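Input: structures, listed below.
Both complexes shown next keep chain A, but they swap its partner, so chain B is in the first and chain C is in the second.
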Partner chain A sequence: MRLSRLGGNDRDRSAEGFWPQGERRPYGQITGWKPVLRIRQVTMDWKDFFRKIFLIDLIKGLRLTFSYQRPDAIYTEQYPLERPPVAERYRGAPRLNNHPESGETLCIACNLCSIACPENLIVVGWARTEDRKKRLTTFTYDLSRCMFCGLCEDACPVDALELTQDFEIANYTREGMIWDRQALEEGPQPARYTR
Partner chain B sequence: MQETTFLDANELVINMGPQHPATHGVLRVKLKLDGERVLGTECIIGYLHRGVEKIAENRTYAQFAPYVDRMDYVAAVTNGMGYVEAVEKLLGVEIPPRAQYTRMILAELQRIASHLLWLGTHALDIGAMTPVFYTFREREEVLKIFEEYCGARLTTHAFRIGGLQYDLYDGFERDVKKFCDYFPPKVDEYEQLLTKNRIWIDRTRKIGVITAEDAIALGVTGPVLRGSGVKWDIRKAQPYEAYDKVEFDVPVGEHGDTYDRYVVRMAEMRQSIRIIRQCVERIAPGPIFGKVGKVLKPPAGEVYHSIEAPKGELGYYVVSDGTVNPYRVRVRPPSLINLQALDIMSRDHLVADIVAIIGTLDIVLGEVDR
Partner chain C sequence: MLENAFEFVMATPLLLALIKILIIFGVLSGIVAYLVYMERKVLAFMQARLGPMRVGPWGLLQPVADGLKLLLKEDIIPAGADEWLFLLAPAISVFAAFTVFAVIPFAGNFYVTDINIGLLFILAISSLGIYGIILGGWASNSHYPLLGALRSSAQLVSYEVAGGMALVGVLLLSGSLSMVDIVERQSGAGVWYVFLQPVAFLIYVIAAVAETNRNPFDLPEAESELTAGFHTEYSGFRFALYFMAEYTNMVVVSCIAVTLFLGGWLRPFASVSALDFLKFAPIVAFLGAAIFIVWLGLKSLVTLERYFFVVLAAACVGLAVLVAYPAILNAIQGVFWFSAKVLVFLYAFIWYRATFPRYRYDQLMSIGWRVMIPLALANLIVTAVLRYFWLAHHAATAVAVLGRQ
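Let's look at the complex of A and B:
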């Protein structure tokens, strides 16, 4: 016996292939549903009764839910506790590199990064030594205007200026976003939380 | 839109936006209503105007490249590709095949990412909550490839004038191939959720119909034009990069309604995967930079170059006066031109359908206002 959908309107929506062919399930063949005066009345046999008291359907549903609880299926990152791994080429906070052994700055004060920058946010200060060589004195980088395009790091001929993988560069003041040479050499110092 | 008369009880003018979440940004639409029925619409734009074209006049050619990523910020790679190709055309530079295929792979990945964002938000606007979670999961995979390649996820600045700044990272081909295998079953998943969904069909069929004649007359491009049955794709009509060397189909719709545009975009995602697969096979070792100098000084002249961005024809008109700065850069944004079809599409629909129509046009306000 073919029944209309109970409690809804009687438009036959299964006519035009609404359900895929293999999954077509006319209502009324599922269990013993019987319409009496448009009121749902359920007659249960002993199978349905056991299904109900042992919560079989609930367990089936929860099994699907918990199948997504595998550690490799979890997408959430517990951010302040775990930091997401960023790519090697990530363009984050700028850093002015020092020579790893001597500790002297690699910057030769050529001013190419300042010229390359679309926003003109880099100011390089230099002085001449006795033998007329350029020596870096100050280096100012206005992070509040930076869009991290990477043109300054491309322009640098000695790999002194580099956009690093540090991404925690928020600051409470606008003045704090303007980094001087010391801040650029040390890098950002974000608060680290532990569990 | 006609002027309303004072004390006309049947007509009501209300605002939608600019803070309405379904207007995809800061679009303000003035609706002229008769009850729930829309008599006409008027778009008020400019809330996100940043003067990108004017900025170009004070920057060198290379310096302007990061700014174009900020126009259509969900498809930054194709934006950058259009600009660098326009300047390359002006300079008369040939770029090596390795760079060409890399650009094509990234551009097609960006098309997929843009369509995924469109699908998720469009379905969310209409009331289907589920797809947005799935589409953002897959979009994340694309963005991871971008991050590994060029160091940024959204505003990528991936290409430079004359070629590529970055060579492919180790494992790029593996990642892309993995994505090509991973992605098509996910499209089936979206289609399972929506394509035969009765509510989805009721909300999209015969909604926002635009005929092919109207679409051509309004200059509408991209999936909106193809949804009306016009087979026009810049990748086929005026091939750039190496699109004439790869095989792909241009899916077209039939009725020009919201549902057909949905079908076209779903088919386009599959075609993009097909293009990516061919490009990955052909990518070969070689140089990644063409013959360009350190200082870009194109000869005086002008050039118009357009590409098929995810949203339609994205054109750049660059005028050079022989100095290092462009004299004028004019952008032909697909979103702005497609938005002009909103009025014709929304006549005689209900207010709730305006949301569906704005969604199906796939506008990005950063590009509309520039």
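Let's look at the complex of A and C:
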């Protein structure tokens, strides 16, 4: 039962001819108020009656909950034992890639990542070799300030810096959030549990 | 020496009863503890979760951890509480819940005592248990417990009437209040009373859910309205006592329903000799448990747990072999069928909780007074009338037979 025009949606009203067609609904006015009385008729036929006395709806509910006891219905992930598959485009812990065969760093110390970084959190240290070539010495990456925008890995011309899918980068100290070259090359080392 | 001791025990009823009480109390405490575990697990599975997994393999040691935690917790008595009543109330609840088992027959030959007012005794004692809730709520001197206790008393009074009247229907058929007799009458009649009294059974099941304050009738402890209801102010082991009483009560009402309606310790279709192979069910059950455990163990992610499950499965197979001996197999028949039926009931309690939303208070009262009690009354009257004519018919036949001789 609805007695006032303060409720329901506009389509209801136009159907009833409550507001003249095409006219804007008059906000904050009470002119044209007319009570609408709508009573839903409650009837019960035999079918409904049997549904009720044989508790059909309750049994339907019981059947549904029972069916959820399948092992494959379980949604829970046992986190330290099972790790969720992370999307490929996920940007997590940074990594400095080494050459897979020689083991030497791919980084050419061009400093482009440091320039690209909006937070200025990358510091690339280099030294000149005798033939005046740049050679990477230190590389620090302050994860506590990183927003994982990925501009650094976009800027890298040799794919040396990469944001990986590792997400376990929590640390007990602020200092621990500043990763040096070794940490960047090894990646995060979370405790692995026996599988 | 050992035989002498055995004979002495058998010849001393008091000692025998004491030993039985100790066995029942010990086993029951364990069952109640693991009932909580089962509830958490079943609820979790029905909600697509895993439930407790961290304490022991598949969380099997969770009840032990919970018990220890509650034992070690501080026991707080609120400043304004009535101290003596506050201390007494949970004890009353637990006492009432456990005392009932004195008259419940777990098998044809395994019960503490068989008194001729068994069912009356159960109803009286379990009604006493309500005092634990009411006094606990009152003595806490706090709003939520008081409201919970009030609700609980109103609810239990309403549903006890309907449940009690449903039981009277069975009493009319059995003609005895003794729990052992009731089962033996069912054995003699060759039919469980659930088939003769389906309406009474339904009413009793609903009333039982309401009397144990379980979903969908758990208004005395409706979390969203009353925090925790009557035991809001309780902590530590006193809270554990209330918890234990609630779960023991679940076992109690299941035992009553099984004894009165589902033939107690009788196996299904006890009078059909073609189904005698059902007596091997305990062996199958243990083997099935072993297979289930192995299957579960293979899914485990921890190597150590897999070994544990293999050992557990081996123990189950060992038990299966043990019960395969004809003497042992015959001895455990009653207890096996009784516990199997009770387990189904307990599972159903959890199942209801996972399925049904809580009723509103006025709905609860309306169902109790306007549906359950009239229905129970109608059932009682119909049963009484049918029973009267049936008896009269038999008496007439008997007289005719006697007269011919």
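FYI, the second predicted complex is superposed on the first by the 127 of 195 C-alpha atoms of A that agree within 3 Å, B and C clash if a C-alpha of one lies under 4 Å from a C-alpha of the other, contacts with A are read in each partner's own complex, and residues count from 1 in each chain.
One rule holds for everything that comes next: a contact is a pair of C-beta atoms (placed from the backbone, for glycine too) under 8 Å apart; a residue touches a chain by one contact, two chains touch by 3 or more.
Given the structure is predicted, the values throughout are model-derived calculations rather than measurements.
Of the two partner chains, chain B is the only one touched by A:Arg89; chain C is not.
Contacts of A:Met44 after superposition on the shared chain: neither chain B nor chain C is touched. Of the two partner chains placed around the shared chain by superposition, chain C is the only one that A:Leu58 touches, whereas chain B remains out of contact. By the touch criterion defined above, A:Ala127 reaches neither chain B nor chain C. Of the two partner chains, neither chain B nor chain C is touched by A:Val158.
With both structures placed on the common chain, the touch criterion links A:Tyr75 to chain B and to chain C. Within chain A, the residues touched by chain B in the first complex and by chain C in the second are 75.
Contacts from chain B toward chain A in the complex involve residues 59, 62-67, 70, 137, 140, 144, 147-152, 155, 157, 165-166, 169, 196, 198. Residues of chain C that touch chain A in their complex: 42, 45-50, 53, 299, 301-304, 351-352, 354-356. Those residues of chain A that touch chain C in the complex are listed here as 58, 61-62, 64-66, 68-69, 71, 73-76, 78, 81-82, 193-195. Put simply, chain A touches chain B in their complex at residues 13, 17-18, 20, 75, 86-91, 116-118, 147-151, 154, 163.
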